[in-house]
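Below, chain A partners chain B and then partners chain C, in two separate complexes.
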Partner chain A sequence: MFKVGTYLPEKVLLNANLEYLGWSAKKIFVKTGISQRHVTIDDETALDLAYHACEDLFSKYEIDKKEVDYILYCTQSPDYNLPNNVSILHKRLNLSNNIPSLEFNQGCSGYVYGLSLAKAFISASLATKVLLVTADTYTKYIDYEDRANKTIFGDGATATLLTKNEIDKFGEFIFGTDGNGSCNLCVNNSGLSKTKLTEDGFEDRLFMNGSEIFNFTLETVPASVEKVLEKNNIKFEEIDYFLFHQANNFMLEHLREKLNIPKEKFPKFIETTGNTVSSTIPFLINDLNEKQILKKGDKLLLIGFGVGYSWGTTIIEY
Partner chain B sequence: MTREELIEQLEDMLMLDEGELDLNQELESYEDWDSMSYLTLIALFDSKLNKKLNIDTIKEFKTANDIVNHAGL
Partner chain C sequence: MKTKIKNCIIKHIETMVPSKIVNNMDLDFEEKIKKKIVKNTGVEQRHVLEDNQSFMELYKQIGVNTLQALNWDKDTIDGVIVVTQTQEYRLPATSCILQGELELNSEAFAYDISMGCSGYIYGLYNAMSNIAASSGEIKRVLLFVGDAISTIVNPKNKSNVFLFGDAVSCTAIEYDTNAPETPFILKTDGREFDNIIIEDSGLKNKITYSSFEDYTDEDGNINSKDCLKMDGAKVFNFTVDNVPNIVEETLSYSQINKEELSNYCFHQANKFMINFLSTKIKVNDKTPINIEKFGNTSCASIPLILTEIKSATKNNMLVGFGVGMSMGTCIVDLENTTFNHSIYKEQTE
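Presenting the complex of A and B:
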């Protein structure tokens, strides 16, 4: 059982609101599989979303937050470059002072990274209850005229509580990195360097080379699925659900067909949220929890892939 | 995949009715020749022709005929 809390900003951007970009609402849906996305307003940030996702987790599962003894915070849309944002989240949640907190910068592979870190910390007796938080507000990076990105991305946050009960059922992990793809999904001038990663796209706004990202996934995802099955000594047919990073419906369907995954084993959660980066997999798990679809003992293959390039996959037993 | 099947797929990609695709017309003149159609093309070459298409190759396609020729059909 995965205890996941979630939060989506209140403001909703419907496809009809994006028709100024030149596609009809229907065409946006046909091309992306997304009918709406939640977006932050000006004075609403990733930390706000993260805080609400944590509160949702604590209240929904009646968790005493004072028992949390490690916080992991994954974001690529920090409120501040310094201090670390996790310290601010720690303060807002009013957690115990004598616990460690760690922030890490990963995008679409971030949730799988977080699970592996939680497993490592709990296995090493450095923690017993890890709060894994993912939060991103990519929409703040996107230019008003950028049709491709404006239609795909949404903002959101999740919080997952991980204890020995969960990590004992984690299998082996596979990770990978290829910095050659760093220029294909990036924001120039988003840190202290004045060196541009790309000359393409809108100046100092989110740039995504969708074609190259797609080629990267075609090479990496099927190979990684094969490797993680092999490493865990599990057959493809034994997997009950394949939980993929929800990039966009087109990419998901192509990968599903390429890997011959039956539709019933390939749940999706993207139509009402868009691509929420590090949060897509936990949003999907939360949706399956709410629909009571997952059963104890189900084998889930999780895979995150994208910005970096970075990818990570594992198999867990529910 | 046959040449006819590829042309049918290209018509779907460009949201055209059957028989509407002019193989010699500039791709840029079609409203739906955009970044999403690039993804469709990459998927098509991957799944039906087992060929990788990168963005530089796609940008060299001036007409649908260039795509058909690249597919070797």
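Presenting the complex of A and C:
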């Protein structure tokens, strides 16, 4: 069982709202599998979304937040460069004082990284109840005229509570990194690399080389799926559900076909949210929770892949 | 939260600073002010990046040096962690770029941690727990810890400009079943998150031209919103209230006597603070200080002390505290550790 809370900003951007980019609403849907995405308004940040996702988790599952003894926060959309945002989240949630907290920067592979960190912390008895939070607002980095990114990405946040019960059912993890692809998905003019200032601030705009990312994914993901099955000594057929990072429908379908995964074992959750980066997998799990699809003992293969390039995969028993 | 981590040994610590040195007495302030600040902070000079110098180049060179020092093949590295608050880009993570630059194994994990003055302790903790939890599958991790705080300090701000220097460090950690346990204590107190902050740096407050305009704060100090703002008095109070306790707690948790410790390596915040802490804890003779040469180098200050004293001894307590507010301590065995410090040299093709 995975206890997941989620939050989407209220503002919705329909495909019809994006027709100014030159594609009809229908064409956008056909190309991406996305019919709408939630986007933050100006004074709403990833940290706000993260806060609401945690509150959703606590209220939905009647969790006493004072029992949380480690907070992990994955974001690439910080409120401030310093202090780290997890300290602020710690305060806003009014969690127990003096618990350790950690903020890490990862994108589409971030949730899987978070699970492995939680496993490491719980198995080393540093923590018993880890709150793993993912939140990003890529839409703030996307240029008004950028059709490819504007149609794909949405904002959102999730919060997952992990205890010994869950991590005992985590299998082995596989991670990978290829920094040679770092410039293919990047926010230029940000961090120390920022140089160009305009009246509207730094031109910190998301750049994505879609075809390079596509090639990388088709090469890396199937090989990693094979490796993680082998490492966990589990057969392909034994996997009940393949929970992939929800990049876009086009990519997902290519991967599904290449790997010969039956449709019923390949749930998706992208149509109403778009690609929410590190939050796509927990959004998907939350959706399956709500539909009561997952059963105790189901074997789930999780894989996140993208910006970095970075990828991570594991097999868990629900 | 407390834990003891098994099976991890620190093999090597490498540190590096940029070649440009700024002598604080050369800064454009009144002679009297300069003397007073230098005396209080203890900082005489600092190494800082040149304008437009790449911080990534320092990371890269220190990584190469570390691999060479240990004669480690780059394919044997199982993970890269970067702890910083001055990353190259919002995304991707600096650790991913570094994996590519150093041509490390593509099966290595890589992630960045956003953390300041307590960052070295959290970084060690993460690297070690990644190794320990993998039951030996992850054998070698490179932990990069470094900040370029000089890039985020307003040059007219007299509280900060004398204080901060730039530095990077690389710590090589290896799986070793004979390694002694490393005790850690980690804490967060987000209630005082705005004691140290850069207001216009992320997505909360939009960075505009006005972010770069100088203003005068209530103490008469010049600053701008794109730069570091620090409430020195509050930071001092937090430190005094919390650090002596966490040191005592670490001693009792590890069951090591005060006398058995060879060093207490405090984050080099400023000389006044370090002296205050070491006097209060009564460990003056075991508290190395090198802030006069490097300034406060944020998360890199503890490794910078370690490569300075090169103390290959059993019990070294490391104490990080600051921005967040966040604290961490550990006691590391450095008996078999090698150390190297160098100044960055431009690579000529």
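Note that in this section the second predicted complex is superposed on the first by the 307 of 318 C-alpha atoms of A that agree within 3 Å, B and C clash if a C-alpha of one lies under 4 Å from a C-alpha of the other, contacts with A are read in each partner's own complex, and residues count from 1 in each chain.
Keep in mind that, in the parts below, contacts are C-beta pairs under 8 Å (C-beta built on N, C-alpha and C of every residue); 3 or more make two chains touch, one makes a residue touch a chain.
Source: prediction; values computed, not measured.
J.: Between chain B (first) and chain C (second), which, if any, makes contact with A:Phe250: first, second, both or neither?
T.: first
J.: After lining up the shared chain so the two structures overlap, which partner does A:Glu212 touch, if you call chain B first and chain C second: first, second, both or neither?
T.: Only chain B; A:Glu212 stays clear of chain C.
J.: Once chain A of both complexes is superposed, is A:Tyr309 in touch with chain B (first), chain C (second), both, or neither?
T.: It touches chain C, and chain B stays clear.
J.: On chain A, which partner's contacts cover more residues, chain B's or chain C's?
T.: Greater contact footprint in residues on chain A: C.
J.: Have a look at where A:Ala127 lands relative to chain B and chain C in the superposition and call it first, second, both or neither.
T.: Only chain C is touched by A:Ala127; chain B is not.
J.: Please write out, lowest number first, the residues of chain A touched by both chain B and chain C across the two complexes.
T.: none
J.: Flag every residue of chain B that touches chain A in the complex, lowest number first.
T.: Where chain B meets chain A, its residues are 15, 34-36, 38-40, 42-43, 46-47, 52-55, 58.
J.: Enumerate the contact residues on chain C facing chain A in the complex.
T.: Counting only chain C, the residues touching chain A are 1-3, 5, 55-56, 79-80, 85-101, 104, 106-116, 122, 125-126, 129-130, 132-133, 137, 148, 151-152, 184, 186-191, 193-194, 196-199, 201-204, 206-209, 211-212, 228, 323-326, 328.
J.: Where on chain A is chain C touching in the complex?
T.: That would be residues 42, 45-47, 69-71, 76-92, 97-107, 113, 116-117, 119-121, 123-127, 137, 140-141, 172, 174-182, 185-188, 190-193, 197, 199-202, 204, 307-310, 312 of chain A.
J.: Where on chain A is chain B touching in the complex?
T.: Its residues touching chain B are 27, 31-32, 147-148, 209-212, 214-215, 218, 250-251, 254, 257-258.
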